[in-house]
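We just call them A, B, C and D in the order they show up, numbering each chain from 1.
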């Protein structure tokens, strides 16, 4: 349930409503949107009477129920406005969201050694990436495959972060490693295979680092948003959704089928930012560029691309990795497509500043 | 198997090779590409010895086997070059292909009455469509649903063709109606549910009208190309492939999942032109424009979009139909995206002329 | 909509109701069940008022709407009773249905030559099969694969029928061949790839031979019943449904996934008899026997098993064919399982006689 | 790689080979089968030369490579023989395996309160169940759904165990709870959503309680066996595989599609015991009995059935739960089917005793 306040409602009035709701064991969440301030009601709202809440203040414009099973993840919860996920990196804040510039994430499947990860970081930064991806802990189908270099790989990511100022995205597979991963990562990735590892979702929901939630390989859009809801409900509002291909009957020429229609569908259902990973989505580097461009045309807010200095010798996922040169070309093409859909990189300065200003006022009451 | 001729090979030499091959019960097919002339060998080529064929002439550069199960549909059969499908319409020739301008097809799911079909045709033509789609015979899941107006609808399509000069695309469900449909249609559509109706494929392969072959809802890319091969093997080289969404585990928010990765995959496997139908692909008009743009960014050669003057009152597929105004806006956006991927409408005059010139020389020996 | 008559309603009263309904452009269909006589109403029943129909006669017990989209195929249409499909073969009538003995169908994928088809027929008959299957027209993914011997194969099937008295089941792919196929076949098969070839469904619905309708490889249960409805709506009440495996994400070890849960689901939704084809369902002969037994345990009314005298040399589907000896062993095992689920072959004499008696009285008014 | 010893090889010879292999950094695992003793080689076997190993002793019959990606889970690893998982319960040892009696597991989705769990345990024990299932920690799609009573539910399971002597199977979702769960559970369940939670697999592989590994909802058979391999490779040989339905395009009438063909496929690929869960497999109690019977006919070694004293009031999964009375009837039917496939409960006394005797001699060297 949300309470939509009239424009220009005084803070004191909102405060009064919040106190009243808290006395009814409801946690209010103030959301300052572009047009309206909205109070999201969290807790056992099924017993609430919208009519009675309406009576709490003459500044209340409307009291609306959310009929979706995912409440905080739903677009209604923000009264139709998209949310932004702000991430602090050494190079400054980066914002993910529908009204923000496209954010590029790139890097190897797994961190192999210091030289390769730092070289990759430098190269992708030069092409415009804001984040370096790289696996320290790798979920592999076979116990006999390379499982990632673990803790030492985290240190190499930290070194790459220091060397380039890029933000770091790396996967968390086990809550035992949460502290160590959170020390290095600016965004913690939950992989497709753990999308319904609800224990892990609750734990990353209870800490502060933003979460990149990959879609499970046979997760419906609803399943996926319910998993996001686990994180949001545990208190972490910073969730980015990442489509990485779904499993279908045809696996001969592509590893998965990249579901780009998830972009407009999510846009209509949720306020959360949307990332697309065409590398896992297709599994073949030759298909990555066109699918990356298609993702931008379809409205993606961010792209995650696997880049490796020497794909032929990669310890994992070589066939789907671009070279740094290929990545550079792709980034130029993406800028062109971005402009064609009115999301060129020059466009957003004021938008982001606006969003940042509003961000300051986003306080969980 | 194909025989690649050296550049500048004299016609007489090619003729000599053809005669020799025919004497071995092989049907040779001469393909004049941008760089090379290639002779495709059709028939029982498994018994042929490439080394012996190489001996037939010093002008033979290479004899290559095609290891794909789809022979004539494979890109190798044209030595890596795309093919063009040229369609004659009252407004002139229209070419479909990788090196041709994007071709727009639009119209209602089914032909309902004269006024609506002619109005729709006028409106979509004004926005840049080259073909009018419209169903006379409708494949419906239920025998109690509207099955199309049949023969009388064909007449209305003919009237719309005359009124606007647009080419006509309409579906053939039954070979009994082939003659009547072929009289009106400039391109005959084989629908998803008949993609493996091999009898029908053979029959449309044995006539001359170009074929639009929709992908079956759970057809693999390979299945689909094998169905195209049925048509090509029966003698009709003019096949356009149309992706219209596949069936997956998630059908809650979209009717199907539009598989845009089919575009780069097909591009690498086949020379045939590729069309995308985001209307059936998503089933919801609100998702059609972004998916149409994504399709162009992914390299589609053509788009099929459902347009209805009054979607709310459509006899079928209303929820996925754009209004003529929405279509007009979309066409402008598509032009912008087209330019961003170097396929803007102004670019192709010389290309098409070139292709047309080579087309003249495409002769099945 | 159905009209349930009270027990002991006089025929004249039923006749009167029928006449009244016909005058309202409704076609009544009298169904004599074990407990009640029911009149099924066919036509535009949406405008009918159940209350008014109830007034037509004091012998009417209830007027019930059918809320399923498949009307005549629904179990409600027969007021909860299963239907029987009676097929005349040289060896006598064979009944398919929930209250009938299990019917075994066996034979090769395709008819290869006279000796093999007659030998196979003799062997499977000796093991208890009532029908011989064998393809004359084969739907093959590739145009270059063996397409069946066509008309000459039909003659061989006729010879096998004469030699053994077995009924014949063979596939129809093209309505042009309907007459020829119907001359030989006791049951006409519509294959998975043509399950939504609605033109063909209408045509086999308009003739009298019973139809075996295979499930499309990605057809939902509802799609499938809607296709059965096409046949029923066209006037042919004799439809048997055959599950033959569906297409899923896993195709490594089996050709398809045999969906045995379709059996209880169909049982609850429809009155039509259910056949299971574990040969196509698994694609490997080693898996056929256990899946055949599982099908019986799950309640299948009939089994279709591919049997070939020499699977290693079969022109098609060899890997999924049993030898005649393996089939003989399987049939013994099936009899044991049949008894365990109360469907042993000895049990039904009186049931079938009863059904046959009622069959006589099934008349489309 | 495995070393097959000749029949009657002296222990000292096997010991000698083991020592030699250990000196090459290979861990040998002695498997005493019905016919042969086999030494499984674990470690980096890719560098081993089978010919050289053959030279180690004249008592070596054969040295065989395992070409499957799952090594210890493969049937070859036991030279074609099935393995047994022996579980100690208060009522005695229970063995799961191809040559063992069918083991029945029953109980509610989640442990709701003391009365219901003890009543259910008593009732299912009376019908022949050997294990009580019941969730303390529940993986739920929504964070707002009942998540299980956790630790207090574990205490109730312990009470039910004491009251009835049944073994306990309950799900582990988080390694933090491993100790507590292992204290109560005789078999620890890893749920479908955690099938590729590789961290959790490694942890349950490193402890001694037997593991029930449910198939992920879109896991291929190979994925599933690779996940079993994670547990086996970590040192726990006691893994039972449980099929519980896969996700397909059709979810209208059943929650999942129960893949019974997994039974013969697994039988040919692995030595591990196979359990079927028709409750989750279908999601509807009315379909559970026939699918349970079909599972037995297809060769399942064990069944897991949801039973609740009052399904209509269950906190979770009510629609798929049988009543205790329905379960009793089903157990009688299953006994009949079991006999029909030669797995009746009376048959196994000597087999199990044999297996137990050999079990004593299964030692990881």
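The rule we apply is simple: contacts are C-beta pairs under 8 Å (C-beta built on N, C-alpha and C of every residue); 3 or more make two chains touch, one makes a residue touch a chain.
What you are looking at is a predicted structure, and each value in this text was computed from that prediction instead of being measured.
Chain centre most remote from that of chain C: A (centre = mean of CA atoms).
Interface comparison, C-D against A-C: more C-beta pairs in contact at C-D.
Centroid to centroid, with C-alpha atoms defining each point, chain A and chain C lie 52 Å apart.
In whole angstrom, the spacing between the mean C-alpha positions of chain B and chain C is 37.
Inter-chain spacing, taken between the CA centroids of chain C and chain D, is 38 Å. Among the residues of chain B, those touching two or more other chains are numbered 218, 247-249. On the side of chain C, the complex with chain A involves touching residues 218, 247-249, 251.
The touching residues of chain C, when paired with chain D in their complex, are 218, 220-222, 246, 248-250, 252-254, 257-261, 263-265, 268-269, 281-282, 286-287, 290-291, 293-299, 333, 336-337, 339-341. Of all residues in chain B, those touching chain C in their complex are 69, 71, 139-144, 173-176, 193-194, 196-200, 202, 217-218, 223, 226, 229-230, 233-234, 247.
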